[in-house]
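Sharing a structure below in structure tokens format, with a few things to ask.
Order of writing sets the labels: A, B, C and D. Residues in every chain begin at 1.
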Amino acid sequence: MTIIPALHMAGISKTFPGVRALDCVDFDCRTGEVHAICGENGAGKSTLMKILGGSYRPDAGEIRLNGRLVHLTHPRQAADAGISIIHQELSLLPYRTVAENIFMGRELARFGLLDRRQMNKRAAELLRRVGADIDPEGQVSTLSIAMQQLVEIAKALLLDAGILVMDEPTAALDERDAQNLLSLIRGLREEGVAIVYISHRMPEVMAVADRVTVLKDGQKIWTRARHAAPVPEIIRAMVGRDLKDFYPKRPSSGPGKVLLSVEGGANAALRDISFDVRAGEIVGVAGLEDSGKAHLAQALVGDEPLSAGVMRVNGKPVSIRSPRQATAAGIGYLPGDRKRDALALRQSVRDNALLTLRSMAGFFARPQRAALSPAAIDSELRDMDVRAADFGQEIGTLSGGNQQKAIIVRWLAQASDVLVFVEPTRGIDIAAKAAIYQTMRAFADAGRGIVVVSSDMPELIGIADRILVMHQGRIAGELPRGASEEEVMRLSLGIAQQEPREAFA
Amino acid sequence: MSSNAISMEPASFNHRKGLPIAAVLAILSAGFFVVIALATGESAQLSLQGIVGLLQRMVALGLVAIGQTFVILVGSIDLSVAALISAVAVLASLLMQGDPAMILPAIIACLGLCLAVGLVNGALVAYGGINPLIATLGTGLIIQGVLAASFADLQGAVARQFQVLAYGGMLGIPYSVLLLALLALAAAFILNKTLFGARIYAVGGNPDGARLAGIHTERLVLAAHVIASLFAGAAGLYLAARLQSGTPWIGRDGIYDLESIAVTVIGGTILAGGKGGVAGTLAGVLLFASLDASFNMLGIDAFLKQVLRGGIVIAAVAIHAVRYKGHVA
Amino acid sequence: MKLKIILAASVALACTGEALAQNFNDPAEFKKQREQLSMKPQGPEGKPWAQHLGDGMVDTAKYKKDGPVTLCFSNAGVFNPWRVVGLNNLNAEAELHKDRIKELVVVDAEGKDEKQISDIEALVSGGRCDALIVSPNTTAALTPAVEAACGKLPVIVFDRGVNTQCPVTYIHPVGGYGFGITSGEFIASKLAKGDNVLALRIMPGVDVLETRYSAAKTIFDEAGINVIGSEFTGSDRAKTKSIVEDYINRGEKIEAIWMDAGDTATAALEAFEDAGLPYPVISGEDQQDFLRKWQSEKLTAVGPSYPTYQWRTAIIAALDVLDGKQVPGPEWVLPQPAITEDVLAEFVDERMPPLHYSLCGCQELPGYPERWGGKK
Amino acid sequence: MTPIPQVAPLRPSPKLALNAGLVIFVVLYAAIAVVQPNYLEPGLFMNFLRRAAPLLILACGQLYVILTGGFDLSVGAVATLAVLAASILINGDPDATWAVLGTLYLMGIAVGLVNGLVVAFLKVPSIIATLGTMLLVNGLALAWSGGAARGDLPENFRNFGRLVWRDVWLIGSLPLAVVVLCGFVAIAWWGLNGTVYGKRALAVGDNPRAAELAGTPVAATRIIAFVVSSISAVTTGILLGGFSGVSVNAGEGLELQAIAACVVGGAQLLGGRGSIWSAVFGALSLFALFTLLNLMGLPQALRDSIQGAILIVAVGATMWRNRRRI
């Protein structure tokens, strides 16, 4: 090979106590190339990137940048070497301005004095470049998660790096923002940036990657040009087998009685919400990031209660002012940000699965008895195929898919009638995704209902029996099963909406 | 003491028009003092001399609290300041023994001690990964114990010339008040205008994020602890000048550890770090000083005073904490 | 390893500290106070708070002020029962002179030197006060503030002193050596050579307490009595009892307990009760609970005092100064009686709370006994 | 997002943590026995337990708050309040004792409720909120008593700290305080392990937001923790008053000792990890340390220093052990 790649990682190995996270992995990325890395969680993608970012040191192997051998021991060194990383976890400062965040660690200064004017100016340029209409002097905590993600991307662009690593950059983005980002990536490629792109979303990988590398269990399976790597092949390499029936079959029978209904629901973020969920139904909720779809989920579970309107569960009007009341009414919640909103990371798998049962039990309920007993929950965890060496181990040590399954067990044990899922498979690998879809279907088939809020359009179309599309805090329309992505998108963008916009000014 | 979660407070709270906490608190505190002075007929307290007296009450706590603000901003905390104040005051009087020639060496030795304590605290917290409450409680106990064991009955006094710091002044304003103002301005300048300040906020606001952004977070935590210790040292030196000699208990008797944390939090700096500043802290100190002075004018007895102060601490923090949507523990 | 270093450093520091220790063993002062104890006081019979030892008087004509006056009092704090009783004495004494005193302003420094300095500055600059009474928290620390105040108005200092001659007078009982002499000599008289005494002290570093111990220690050494330990109780009953229990558990034989303050004396005695041992010879103070125990258990005991009636004297002195009368000075030394078995019954008053100081001289004052927490 | 570490770090299991606390205690007690062999007699061991009882009980209460992620700095003041209030209310009348005990617990519950409500609803961080109530309660206690002990405690109240049954089979003697201690620890254990409360508290301390969304009554869980802590403080006050009688500084400094005890025993500050045995063995270890230093006759002040060093070393060792396993 005559071309010296911008990035060349050779023979990288990393062992954690008991686990070989990376086993002699080779990886390279050329200038002007987008190189996608695919792999299940635990395959070693993040470890590889953390090594590249200077957060971990490899046990063996070497990293060359443009042929030059480097040793990266702190994120600072990686940045100085021209490596910029967009991390999948937000790393912003909530109480600081957008500009201060973009320049975090690389502040413009003369003799140690900040040059705020210049920083604001450059920040505005970068934000324009990622297609975000954000005031650089605004506080980050006022931004939505999607906007924060865009700030994160702008931050990475600041470095003008030769190598840009993007780890699930579209996880929090809706379709429109994700498309913007993909075109930005293409632009950067034209400018000669070497881009490492990590994603679970196959359509994106197909849309933007020049080459694809698949990792599995810490080893590289193969690297191929995109045209030589069709999606089924990639999935087979990642999972180690074919995945047929990715989305479960829908039942032939129609939906049953109404389990949950909302009439004229409204609060600060929502207007005029009316819909119902029937037994046996999976109702999808789509919309852009700022459409209020996440707020709808929070309203249903009492996290941000409705201030107007009527909610009925099994025909009975209920007042839901808190998640506890929602739980008591039979509504369960599986939040999108598991680490922040669902998991007690230092508690055991068992304790996490038992949390709701224990929370709803009488205070003097004996924790060793009946449904509250470890034996009972263990069998449910096994039924759900939660993989852990021991259910007494901390849940923080499990993969995302297994964590999500444990939380599903939490609500199954509580025997909730309606489950509200938000981004049910965000950050979850493909095999676990299929299992979670199966569980959702089985739950609905058992005569209960599901509301699923998701930004992943193929997922919604694949799993939902009908899709509510939200726009500006209202339900802009409802689509039956089998709707196309275009139809969803049109409603999301408000194109099909009849009401005048001023009504919700 | 920090969380990566970014709170999604409704925008209205953040873009609140109106005065920042610091200004509101300062105006309320000063207003309270004025009203009480007028109501009790002590209008002399509103003369230059009276107001200078009020400001002088702020000096010791103000100095400690500015340092405390730095550590709290990086998401740490320092419980050792009270013991360190005592140590510095004792060391200063021990070294000077009334000899003006020893002023400079004594100051240098004291600040050296503070530097060492700050480094130890910072190293335990930043590199040792020990919970800052425990680490600094521990170092505080160690210092206090060594002091009490060594200097039970201390003799020695600072030099007369050194006491100018506490008793001298120009244009009717004591040097100590000027010193506080100067150091407060310097601290505010550092936090708001410099690279270092921006990074303090970065480390406190999101330690993981700051590290990934290439910031050497440990060094900043260390630096913040050193700054806190140096400010505690300044307070100790001031007290030595004010009291002529240090006793091993002045820091503890003054409850400078808990009070400096209380005023910092009252001033709007959050314990998790990453938000707040020196102006709020000084406003908190002003609140305490004007309460002290006002309670004196009102002749409230010592025990009732304590009750009121407890209630006011809770209320003052609750006023701006109650809007917070997340959980606190 | 780290611990070792810290220990070593601490021990080293402790040793240097020892060398630097202030000398609380002043033979001249010891001798002076021993004489004062047996001196006949001058002044009205039966009113020790108005009496004085020695002859020095100061002229105060220049401070004379007619009409109702405002007295200001900067108090170090009320952080112990002695000061609580004292403050009640002071307030009650002021009430006796309602016609002369327009207002009594009391400012409490909560045991903080810094606050007391600011308090004094505020009182002086406030311009309301006709005379200033100061009970300093720390001698050296308060000196500059008192000096500054002297220039503006008459100042009276009591209890702990200041390092300046500027106050009109400094009121205090005989002193710490006297306390130690009374208690030390009593114990020495009851014990044989080689017997053990355990010294229980409040805290180190306070001059008025250190001198008590040094005087007693001098006497014990002379009498060949063995001081098996000197422990600090922090005025904490639980700690006191635990310390004594520890000594008993170690199998130490304790013939006597010497205390530099009596507020935890009954706790020390309880340790003997709980262990089923006979009571030791004990020196306490003039607190009611100790006196009652002494009476009911027929202890071999003595109650030296540091009388709280000096708080009364402060008001009396201030008014005398504003009247332009001569007052004892520059030091107004009050008699310092001790309670002995002969007079014990006079001082026991079942109505009073356990930590009431019997030598308060307050029995005739308005509001007795309720003002001092007693039952009617 | 994949927030999960890709590799399973092995944490020490709770059983191991239990053993660590126990081991420290056994080692320290063995050292005591070397210095002073008669501490091996059952009588002196019972006496040791009796004297450790107030701190142990306080640590058990503090543990509840620590598990939920907070601190309770007000306990020392509450203990002082209990002692002073008891002496004023009972005022030497033995018939009043039981009624007054009830009143004391009501006062304690009131303080706990205030702490809990302020933290849970006013969102004041507990370190500040309980600092406030510490000042407040201390001030109230002093104002009520006038700053000095008032009234007397009758024999039947003093028994809680002083009564010892002699000639008890096997253990020689049995102080009433040790019976109270065992009872309190048993109840505290039951609260955490015999009801669902313990797991709720751990979840709230670990991630209050997740607990809330899973239906946990977060505010109630926190409030109960503060109430338990205050109840433990009242119990401590009763034992202290019983042991040595009335004083205005009965509870001084106990709050930090109780927190330190929990930490030495392996409970994690800011919540989510710990068991009742952390409090029990932590407090026993700390008290054994105090006793040992006493027996060795070190200058009293240096004992503070050593306590500080031990705190740092204990927490540092835990950190180091956890980190090594990752």
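Some observations on this one:
In this text, a contact is a pair of C-beta atoms (placed from the backbone, for glycine too) under 8 Å apart; a residue touches a chain by one contact, two chains touch by 3 or more.
Bear in mind that the values here come from a model prediction, so they are computed numbers and not experimental data.
Looking at chain A and chain C, the chains that touch each of them are B, D.
Across the assembly, the mean Cα position most removed from that of chain A is the one of C.
Rounded to a whole number, the gap between the C-alpha centres of chain B and chain D is 30 angstrom. Centroids of chain A and chain D (each the mean of its C-alpha atoms) stand 43 Å apart. Our note on geometry: chain C versus chain D, Cα centroid distance of 36 Å, whole angstroms. Taken residue by residue, chain A touches two or more other chains at 89, 340, whereas all remaining positions touch fewer. Residues of chain D in contact with at least two other chains: 147, 209, 212, 299-300, 302, 305-306, 309.
Contact with two or more other chains is made by residues 6, 10, 14, 78 of chain C. Applying the touch definition to all chain combinations yields A-B, A-D, B-C, B-D, C-D. Of all residues in chain C, those touching chain B in their complex are 6, 9-10, 13-14, 16-18, 20-22, 24, 77-78, 105-108, 110-115, 117-119, 121-122, 125-128, 138, 140-141, 143-144, 204-205, 207, 210.
Across the interface of their complex, chain B is touched by residues 68-70, 118-119, 121-129, 131-140, 142-143, 147, 205, 208-209, 212, 218, 222, 256, 260, 263, 269-271, 299-309, 311-312, 315-316, 319, 323 of chain D.
Contacts from chain B toward chain C in the complex involve residues 42, 44-45, 47, 49-50, 53, 56-57, 60, 94, 142, 145-146, 148-157, 163, 167, 239, 242-245, 247-250, 253-254, 292-293, 296, 299, 301-303, 305. For chain D in complex with chain C, the residues that touch the partner chain are 36, 38-39, 44, 47, 51, 54, 145-152, 162, 164, 240, 243-250, 252, 291, 294-295, 299-300, 302, 305-306, 309-310, 313.
The touching residues of chain A, when paired with chain B in their complex, are 53, 55, 74-76, 78-80, 85, 87, 89-96, 100, 103-107, 109, 112-114, 139-142, 144-145, 148, 155, 268, 340.
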